[in-house]
Every structure is written in C-alpha cells, then in structure tokens.
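Labels for the chains are A, B, C and D, by order of writing; each one numbers its residues from 1.
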Amino acid sequence: MLSVSGIRKAFPGVQALAGVKLEVKAGEIHALVGENGAGKSTLTRIIAGVESPDEGEIRLGEAVVQWHGPAQAKAAGIHVIYQEFVLFPHLTVAENIFLGRMPRNRLGLLDHAQAERRSREILDRLGVSIDVRQQVRLLTVADQQMVEIAKAMIDTPKVLILDEPTAVIAGREVELLFTRLRRLREAGVAIIYISHRLDEIFALCDRLTVIKDGQWIATQPVAGMTRDTLITMMVGRDLAHLFPPHEQPPPAQPDVVLQAQDIHVGRRVLGCSLELHAGIITGLAGMVGSGRSELAMAIFGGLPMERGTVTIAGRSFRTITPGQAISLGIGFVTEDRKGQGLAMLQPIGANISAASLETVRRGVMRDGRREWQIAEEDIASYQIACRGPGTLVSTMSGGNQQKVLIARWARACHRVLILDEPTRGVDVGARAEIYRIMRGLAARGIAILMISSELPEVVGMSDRVYVMREGSITGILEKDEITEEAVVDLATHDRQAA
Amino acid sequence: QSQPATPAGYQGAPRTELFNPALTTCIRDTSKYKKAPPYTIGFSNAGLGDSWRVVALDELKQGAEDHKDVIKKLIITDAGHDDAKQVSDVQDLASQGVDLMIVSANTEKALDPIVTRVMRQGIPVIMLDRRISSDHFVTYINASDPMMGRLWAQWIVEKLHGKGNVVLLGGQAGSSPSENRMNPAKEIFAQYPGIHILDTVYSDWSPVKGKQVMQAVIAKYGHKIDAVWSAHGLQVPGSIEAFVEAGFKPGEIPMHTTADVNGPLLEAIKYKVPMLEISDPPSQYRTAIDVALKVLSGAAVPCTYTVNSQISVTPGDETPSIKSDVPFDSLGLPDKPSNYLVTNDLGPTYDPTTAHTQYPH
Amino acid sequence: MKVDAIPQVRSLVTKSGRGSKPRLSDSIARYAIYIFLVLLLILSGIAAPSFLSQQNLSNLVLQTVPLAIVVIGQAIVIMTGGLDLSVASVMATAAVAGTCFAGGVGAVIEILVVSLFIGGATGLVNGLLVAKRQVSPFLATLASMIVLQGLRFAWTKGAPSGGLPPILRVVGSGTWHGIPVNLAVLAVLAVAACFIVHFTLLGRRFMITGGNQVTARLLGYPVDRIIIGSYVASGLLAAIAGVVLGGYAEIVDNQVGRGFELDSIVAAVIGGVALSGGRGTIPGALAGAAVLMLAANAVLLLGLPIQFQIVLKGVVIVLAAACYVRR
Amino acid sequence: MSITATTALPRNRARRLPEQVLRLGIVVLLIVVITVLGCLVSDRFGTLNNFLNVYEQSTDLALVALGQTLTILTGGIDLSVGSMISLLSVLTSGIINSNGDLVLPVCAGIIVLGMVIGLINGIAIVMLRVHPLIVTLGTGAVLQGLALLYTMAPAGGVPDGFDFLAYGRIADISVGATIVLLVYLLASFLMRRTATGRNIYAIGDDRHAAVLLGLPVKRLTMLVYTLSGLLCAMTAIYLVARFGSGQPYAGANYTLASVTPVVVGGTMLSGGRGGVIGTLLGAYLIALLNDFLNFLHVSTEIQLVVQGLIIMLAVSAYREGKRG
C-alpha cells in the first residue's frame, strides 16, 4: 500500500534520515521501532507531507507521490496521529475532531450540530465519555489523546500512522484503541504503529521495521521474534535486565524524608497522605486521570493545596512554593516536558543547569565552562543524541528531551526526586539507563517518588507502591505484595463495586 | 549693503504683494447670526504640544474671561492633532448647541466638509490660524503662512545678492504649516537662477531631529551652505548647535530664519548669526473672541483678519525689503527657556506653566 | 547535591557521529546583523564619500547612543517575554523633568534621581500589570504610555520648555578628542547589561523565564520579580536615554524620543532578539540600533528626499529581519 | 503565586459560556458606566442625537479594527494599517480629483489595491517567516514613504455627494455606520459558520498544530492580511468622504489605535481567542469615551490621563497567559 525508499533528510547539523526504507501492506499493522532520535517521527512527518525529504521516493499504491504540504497527503488518505498533540486548546472537542472537514449544510455553512452528534458517536465507539462541546484545554491529557485518536476514526483512511499513541493512556483505553486498530486492519487499512512499549508491539503488530540512526536495519514478521532479539536489533547490544537489580538491599528501617498529609487540590485530589523514605523508590500508580500528577505537583508547590500539610526534613508547610521545595532538595521531573519542563529555545546546557544554577556560580558570574562541562558529562552518561551542549532543545527528539529534563533534576535534588512518567516516550536503551540512574540516586539515600502508568515499570522498580483512584489513595503495597494484579485491583472501579 | 531704514528710502519689493499677491477686499454680512447674549461658544482646537499653541490657547481663554458678562460658556475640545477626532469634536460641539464655533483646523482639507456642514446648519464658524480649504466660514483670523515663507526667502535672496546655496529646513513633511511656508518660499527662490537649493530636510519641528538632519547636511556640504531657511524657530537651535559642533566659529555660521521663540534670538547674538525673525502672534486667539462677539451681534466683518506679524532682523542685516519693526537685541529674554514664546500680549507676569484663567466653562 | 554524586552510566556503545558540521547558512543567520552592519557601512562609504569622514562618524555615534540605550532595555524586556511601548513616553517625561533643574553640576544628581524615579515607577507599573494582572505587555505599556503623556501634559500645561544644565549638554553632545562623550555612558550601560544578561545566573533566569514561564515558576525562580525587574530596567534605561537625548539638543520638548518605541523594538528584533522571548543577545540588539541609524544617515548624505528615507527604513527593516529566516 | 495562574490546567469544567459572557460583559459594562456618568455630567449627553453622533463616529475605527481583529486572531498583527490608509486615501482623492465619473472605477481600484498590498504583507510574512509585527512595521514605513512620494500635501478632491458615505443619514441614522454594523454581523456569522472562520481561530490557537493538520495556514495568513488591506481601503475611502480629500498622514493614528478596540473587546493578542463583535463594541466604547471626555470639560491633559486609565482598567480585567 505504502512504501518509501532511500529517504534522506538533514536538519542543520543532523542527518536525521540517511536512506530509510519502509513498506507497509494494506491490512497489516506495521511496527516502526528504534531508539530515541532514530528518525521515526521525522519519517512520519515526511510521509504526511509536513516535511519534504532531501532525497528518496514515496509510493502510495503503485504511484510515486510527491507532497506539497500535509493537506495533499491527507486528501490521498494518509492520516497521522502525531507524537505531539495536534489539538487546538480553545476550540471544542467536536471542532477539533472535525477541523478541516467539518460537515456542512445545504448552504455550505458549517453544521455544528451534526459535527457534535457524530463526534459523540465516535467517542462512544471508542468507549470514552467526553463532553463534545467542551474546550479541549479543559480535558485531561488522556482524554485529549482519545480526541486525537477519534480524529482518525471519522472516515476510514488508507494509511494510518500512530506515533506513540499510548504514551499518555493506559489500561482500558489502550485495549479499546487496539480493538479499533484491529478492526481497521480487517477493513484493509495499512497501519504504521510507533511505540517504545515492546509489549504492545508483540500484542498488536504483524511485521516490524527497525531503524537506527536514520538508517534501515531490518524488516521482519513479529511472530517468531523475541523481546531480546528485538532489543538487540534496536539498541545494538543485549539488555540483560531492563530493571536493574538492587546493588544492596534497600534499608530496612529507612528515614521518613517527606510526609504529605491529607492533601486536597480542587476536585482532583481529595485527601491524600503519603510518606517518602530515604533510599526507597516509591511508586505512585493509578489510572490516568486519578490525580497523581496533581498530588505530586501540590507537594512540590506547583499547585496550591486547599488543605493539608507537607513535612520535609522536620519542617511543616501548609503552603509551599517550588522555590522552597527546591531549596529543601526536592526535584520534579514533570510529565509535560514541553509545557512545564524545558525552555525550548535554549540549548541543552542552559536547560540542565537551570535548576542548580548555584553550582555553576563563580563569584558573581555564571561559570560558562563548568556549565558546558556538566552538560557534556550528562550528554555522555545519558547518551543524549545531539550536536553538543549548545544544541537547541527544540530540535531534539522527544526521548532525548526527556533525558535532558531528568539530567537537570538529577543534579538539582538531594532529598527527594519526583518523576512523573519518567520514561514516557523513551526508548528501551535509555529507559534502562534511567532506571539505573534512579537506582543509583536511591542508593545514595535519595527518596524517589515515581508516578507511572506502566505496570511493568511500577512493579519492576518500586520498593513500595501507593495506588490512587479518583483522587484518593486506595492502598499501599509493600515489597512482595507488589504485583500487576494487585495494582490494577486497587486502581480500578471494579473492585470498589465488588 | 544695508540701507538706512527710512520709509522714503524703501526700495524693496512691494510688501503688500509679498503679504498676499491675490489681495481682494471682502466684507461679510453676519446679520443672520445676530443673537442676544449670553452666548455659548465652542472652540475646536487642533491640538496642543508646543509652546505657541499653549500660549495661544491661554490668549483665547483670557479673551473669554474678559467678556464673561456676555459669554455664558466656552467649550474647548482638543483633537490631539488627529483629523478624525477633530471632525468628531466639531460634530459634538454642534450637538452641544453652541451659538458660534471657532475652529483651528488640524488640516485644511480634512475639516472642510464638516465645517461646511456646520455652517449649513446655521452655526457661524470662525476659522482661527488654520483655515479650511473652501471659504465656507464667516471669517478667517491668521497671520499668513505664505507671507512668512516668502519674506524669509526674499530676505535670504537679498542678503545673498541673488547668488548662493540654501538649505530648506522644514517642519514635518506634509504638514500644512510647513508646506504652506515652504512652497511659496520655493517660488521666490525659483525666480533667482543664482540661488541653489542644496537640500530639503525635515525636522518634525524638533530641535533634536533638527540637529540630527543638519549634522548630516553639514557633513555633506560644509562651508558651501550660505543660508538656512527654517520654517519655524523650534528647530533652529538644533541647527545652530550642529554648526557650532561642526567647528563653525562665531560669525561663520550661515544666516537662519526663525519665528516666535526665544532660543534662536539669543543664539543669533551669541554666535553672530544673521537672522530674520517673523512672528506669528498668538494674540490672534484673543482677537477671535472679539470677532466672535461681533458676529453674534450681527456686525459686518471682513472675510479675513490678517494680524500683523512683527519683523525683526539682526543689526546690520536689513535688506531693501526687510526692515526691523523692533530692535532685535530687545527681543530675546536671557532668563527664559529656549522655546519660550517671545511674542505674546499676555504681559510680563504671564508664565505658561502657571497661567490660570477664570474663563466661563 | 554535589555534582559528582551523579551516577555515571557509561555507555556500552559509542554514539555514531551523526552530527555534521554546522552549515554556513547557520553562521550567516547568527551573525546576520553584524554582516549587515558592515555591508551598510561599506556601501554608504562608497556611495557618499562624506559618510566616512571622522566628523560624520562621530555625529552618527552621538545620534545612535540614545536609541542604543533604549534598545538595551527593550531587548531585556523582549527576552523575558514582554514588550515595552512606553519607552518613548518615559524618555520625554524624564527629559522634561530634567529641565526643572537649571543650574550647576549639583543639579545632575537631582535630575538623575528624578528621571530615574520616573522611569523606574513607570517600569514598576508596567511590570505589575504584566506579572501580577497578566495584562498583555503590548497593552499594559500602551496604556501607561498614554497615561504618562497625559501626566506630562498636565504637569507642563501642554508645552514643556527649557534646557538641561550645561553638564548634561556635555554628556549628550560633547566630544573628547573627537570621541563622543555619550559613548562612554552607552559603553558602561551596555557592558553592565551584557554582563548581567549573558554572564550571570540572573541573566540565565531572565532567559529561561522568557523561554518558558511555567517552567521558570516550577524552577522556583522569582518569575514575577524577574518580569517586573525587566520592565523597571527598561524604564530606567529609557529615562537615562531621555536625559542623554535631551542633552543632545538644546531644547527639551514633547518630541524627545518620539518614534523610539517602535524603533527600539525593530532594532532589537533585527538584532536577533526573538519576539517570542528567551532568545537574543545585547550586542546583536545594539548592532540593530546602529543599522537603523546608519540607514537614515546614509540616505541623508546621499541627498535623497525624505520620502526615500522612510521607504529605505522600511526596506532595511524587512531585509534585516529576513536574515533570520530559520529552516 | 500558583502555576495555575499561567497554565491551562483544568480547574473547573464547562466554562465556555461564562468566558464569552465575561469577554463581552466588560465592554458592555464600561459602555453602561460611561453612559451613566455622561448623563450625570450633562443633560445633552443622554440625547438620542448624541448617541447617533457617537454611532457615526465609530465608523472609521470599527472598519480598521475589523481587519486588525482577524490578523490578531491568527496570532499576528498588522502595524501597516496606518500607512496603508494614508497611501490609499491620497490615491483615492488624488486620482478622482473631483471628477464624478471616476468615483466608481477608482474606488474599485483602491479596494483592489488595498487587497494587493495586504496580500504582499501576507506573502512577506509567510515567505520571510518573520514576526508580522516587524514585517508590517517595515512595509508600513515603505507605504508611508510612497504616500509622501505621491504627494506631500492633501491631494485632489471628491465630487459633491461623495460625502454621503460619511455624513449621510437616513431617518437620522448614519448610513456608513450601519453598513459597518452589517459588515460586522456578516463577519461574525462567517467566522462562526464557515470553515475558513474556524481555521483562522485554529491558526491563532496553535499554529504548529494547524500546519500538521494540513490546514491551509499560509493561504489563510495571506487571506487575513489581504482582508486587513481590504478594510484599510474601505477606511481610506470612508476618510476621503469624511475629509473631502486624502491626506498623506490621514492614517497615522490608526496604527496603534486600531489595536485598542480589538483588545478592549476581549480578543487576546496571543491569538485564537476573541471575536469580532467584541471589537465592534470596543470601537463604540472608544467613540463614546471620546464624546464623554468632550462633555467633561476638563483640559486635554486630564483627558489623556483618563483615557489611559480607562484602557488600563479595561485590559487588566482580562488575563492573558501568553504574551502579545
């Protein structure tokens, strides 16, 4: 159905694609995998006509095509769900779903009523209930992703590309999405599926193509592959343990470093209490939208809490600011790296030092050499793909941006590090590194709070787990109690109902 | 070179012609505007912003105060030099029911339609210092812009004996006072083939801008410049500064023309700059009130009141056409700021920053 | 935490060197404004020989300095994500205030205090409106521009008048061995601003705030104070520029600084300061100011009529800005 | 200080209606307040005749501001409007030169020319990828220069009867202002009920997303600046009717003034939020304010202070997270 070959694309300073090929048949789900910065999203954008390739050829069916802008690709039946949301915060859900192809009435005017009705139908089919007249900015991230997916469901595309669609959704929503995708496959749609979650690839996809450093590595049927062979292909080495084992067992009687009591934030967090211990990785699990991020944000001072206290190192706060939290040694890797994390037009170096500027102070000056050096160290140790500390963050791939953010906070905290979805959009290789960093930090006595929607990650990394549901903490799991089933039980409705 | 200033010995061009080449006498009958006092008078001002217009407005207010007995109310609007706003202002004044309107038009043409309309509604309009282009008004009180421009040009021509290089230093390009002075001046210069206009530059009536542009002009022409025709006095100090800073010694700075303000007069003496000052007396604003009362009493008035401009030349720089009305050295006020107005009738105690009038409003 | 506490994760594979050399076009974009400046200098020199005379160059510097001082402040505000339209009004008001103190050297202190107060206060109001009330900078500063103009008119009864003390004339228009004195003022301010913006922690905080305000808040930066600070800085610099410009000519009037509000923005932007905030350099912005003034001066020397001057200014703006086209 | 103040974190749901009510509510409230104050100051203020004057006086500002609203909704701004109006107005009256036969062809030509200039702005913005504020400042300077090249003085004139556009009234109601009102109603309708209208909002809301979605971002950008040019041409023709001739500086004041009603009417300078009806109310508010200040009988300088304070008051009622 769709095949590309010999695609090359250079950005200033980076050869993003160096002769990639990809062939997708009608009625198959084709996985596109590769490390962060391998060029998956760039290839997506080229197929979608957003960027034009420097070289190479795109074939749709038999015909060689050349896009002048995304509208053409769209008209030819290529639909893309991008890694970043393509949503308009101040337009309604229905308008977002139909933008660019709004139904019209006989006079050629937009028919909002019809758009709303059809949006409701589509969302119902996807199994989510969202008010279609609401502005999209008022939705949770997960709901926004569902709106994004709904856009692909209006009419059956010829080719559907999904770039990390499950990064912000989990559980039931993922299942619903997969069901839809399988149905589309039966309808003969060619689907390209990009994800860093290997389970999904094994569960969903028929064939896969691995790219690395902008080059084609292999195309194979998924059946018959193992996790390990796939990882080796992607990363170029074995990853014996994705979740590194404890080097020494976690302390038996750890100190309480941070205590949060009865935190209330709006209608999202309704009286949560938790304790973080030195040297312990505490997981915070729950369904998307259960209020984990808000709870963490309130503890960090980024959201005002209506009620509750936070106690850090013996000091109690009824209100706390990020400044206070940072000075007490708390770090916070936010989940929304673009909106709440990075200064996109600044280079890597500036972004890394941003939270620990005092460490690059020399007299009244900022020590630029030291800053550069620090950035170079982190670039090496986190394997951040870039041209150097001077690279603008805005030009980097999503996974590499995430690494920059973690590097920043790993340097800035000395008591507590809160990581909200730390491996969202991060490739397996880097993921393993992030896990090792987390272990290393914990080993040095830092208390870690890891918010995660990925069960294997929660189970694999946490020493203790808090589970949240609808703004409340529904359970605490210790050591051996931590299993995927236990977490799901506490996190979902069903149990409550039972 | 300079002639003795005896009237009998006057050998210059006929002044009347310089004042207004198309002079006709015209008297307007105003009996239809006759009304019994007390009156409400509206004044639509183009805008404030420089010392001349401030003093002029004070003159107007003073005039109203002097006639408190018959003037019930003087309503003043200010358009901030915005044509659209002034058109609206005139409309508003008309709908506030004034008995007579005095208008100082921001631009001649832009105010024409609305003033014409107001006249048609039966409200008499007196144009003050800036007229509209048509003659749909009762009378026009002014000192003539073209006259100033021509006299300045004539003086320069005569001083240079018809041969030399002139720089024209305008106000704001395209603004009516600037163009109305500059174009007649160019006509005069054009009559003398020996006169070369080196450059025409604009100062936006500002000494800062004036200095900037003159610095560039001096850098280019240096001592070739024989005279600077300036459309007003506001920018002259900037120009003279530019010459001084370019290393021109006292006595070397070319002749300048000026109007109204104090600074150039003092500098002319300090740096020995030949200078012609022609004033545009703000007292015409007080005259406007007197004329307004005349109109409202139904008395016939001339179609234009041209107030007499006072002429003053640095000693020894008089020419056949240009003679001083008052001694130049008596004009400047050493303790007053540069843009202080030297010609006003408000008396020695008048200070624009503290002036206070009890006009009826 | 100590820097060495970071766990070092050594990579097993070395990253393939995918980074290619920076392209020539990158460097051209980065240094566009300087290249533009030099080109303009050369072209002007060829077209109008009097342009390169020592006298003209010295004039040019004298004339550029006030704009350059304003541009420093404007650039800082834009870098932190704002915009300041009130600078021209501040300049005029500060200069007018200066005329209230005729007199000797002692008056300089008084004038500085009063005009800096005016600039600082206006900046504070702007900053408070923008930071605390989240008013759009365009409007907040537009409104304070109008209010300030009103206050100035009310104070001077419509027509400010007077000159500044002679010592300020020296600062504004004096030369020392042919070198303009006000260049020293600019040099001090520019070096200080450059130092703060590019070489201190504070400067980094300014940039990050401009780049992403939410992030800056989460980093515990005093974002409101940073924003307010940038407007105060801009107000203070505009006040100084007003006094210097007042000292340049003899008379201080309502025209002082007219047009500087937009010119300063244009200068900063063609000098590479991103209107979206978080990016730019002080030297670039200064070069932008120089380009603007140079273009105006060159036209005068070429003897082109005023209309061409205005046209050329527009062309220069568009051309210089176009150098920053990013792929 | 909370992060929520500057982010779009969800606080409470379904604020759609209140937001719009708030947006227009503030302008309406200010209009009411000024009307009441005006009636207290003078008994002539409250007359129908006075309100009809204000209605008429809002015309020019409302016209330019409509185009400005569109450019601002896409996240841009058009600072060349002033110079464009100046140039087009001198051309209109200069070419017509009181010749009645030329009125229609010249007006048509000026409208086309306005659109062409606007289109050039749009093309420059799209091609150069420079912020519209800078591009239009640049083109604005060029246009002002051209206006002065054409004439340094008010140019030409128009035949009798042309001023009907500006001063004509039927049953005491200004014809020009009513046409503008209708244009606004049409624009408001189109903005809500056509794809182009919604796309304009989308571009301002998130330009990058609009590109990815394949919306005709470039074409729409060119379109809004073309429309801005068209409205400038209409303003220029209106001003020629009102002034009886074109002036080389006729439009100078509109450059910044055209932004005020837009923002006072609740359109955010960051784009994507707001609407045209707010702008119309904003233009009415400003005309009313000028009128009120004239009735107030205070000196010019106090008027300026009051005007600035009212703008500050109005705008500080809106919060705008993003810069503009």
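Convention: a contact is a pair of C-beta atoms (placed from the backbone, for glycine too) under 8 Å apart; a residue touches a chain by one contact, two chains touch by 3 or more.
Everything numeric here is computed off the predicted structure, so don't read it as measured data.
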item: Chain-contact steps, minimal, separating subunit B from subunit A; value: 2
item: Pair with more cross-chain C-beta pairs in contact, given B-D and A-C; value: A-C
item: Farthest chain (mean CA position) relative to subunit D; value: A
item: Between subunit C and subunit B, distance of the C-alpha-averaged centres to the nearest whole Å; value: 37
item: Inter-chain centre distance, subunit A versus subunit C - centres from mean C-alpha coordinates, in Å; value: 41
item: Separation of subunit C from subunit D, taking each centre as the mean of its C-alpha atoms, in whole Å; value: 29
item: Shared-contact residues (touching 2 or more other chains) in subunit A; value: 302, 321-322, 339-340
item: Residues of subunit B whose C-beta touches two or more other chains; value: 48, 173
item: Junction residues of subunit C - those touching two or more other chains; value: 153, 157-158, 214, 217-218, 276, 306-307
item: Inter-chain touch pairs (all); value: A-C, A-D, B-C, B-D, C-D
item: Subunit C contact footprint on subunit B (complex, rising order); value: 48-55, 57, 173, 199-202, 204-213, 215-217, 219-220, 234, 237-238, 241, 245-246, 263, 337-340, 352-355
item: Contact footprint of subunit C on subunit D as seen in their complex; value: 1, 3, 5-7, 79, 124, 128-131, 133-135, 137-146, 148-149, 256, 259-260, 263, 268-270, 299-309, 311-312, 315-316, 318-321, 323-324
item: Subunit C residues within the subunit B interface of the complex; value: 48, 50-51, 53, 55-56, 59, 62-63, 99, 153, 156-159, 161-163, 173, 175, 245, 248-251, 253-256, 258, 297, 300-301, 303, 305-307
item: Residues of subunit D that touch subunit B when the two form their complex; value: 42, 44, 47, 49-50, 53, 56-57, 60-61, 148, 151-154, 157, 163, 166-167, 239, 241-245, 247-250, 253, 287, 290-291, 294-295, 297, 299-300, 303-304
item: Subunit C - residues contacting subunit D, complex; value: 81-83, 85, 129, 133-140, 142-155, 157-158, 213-214, 217-218, 223-224, 262, 265-266, 269-270, 275-277, 306-318, 321-322, 324-326
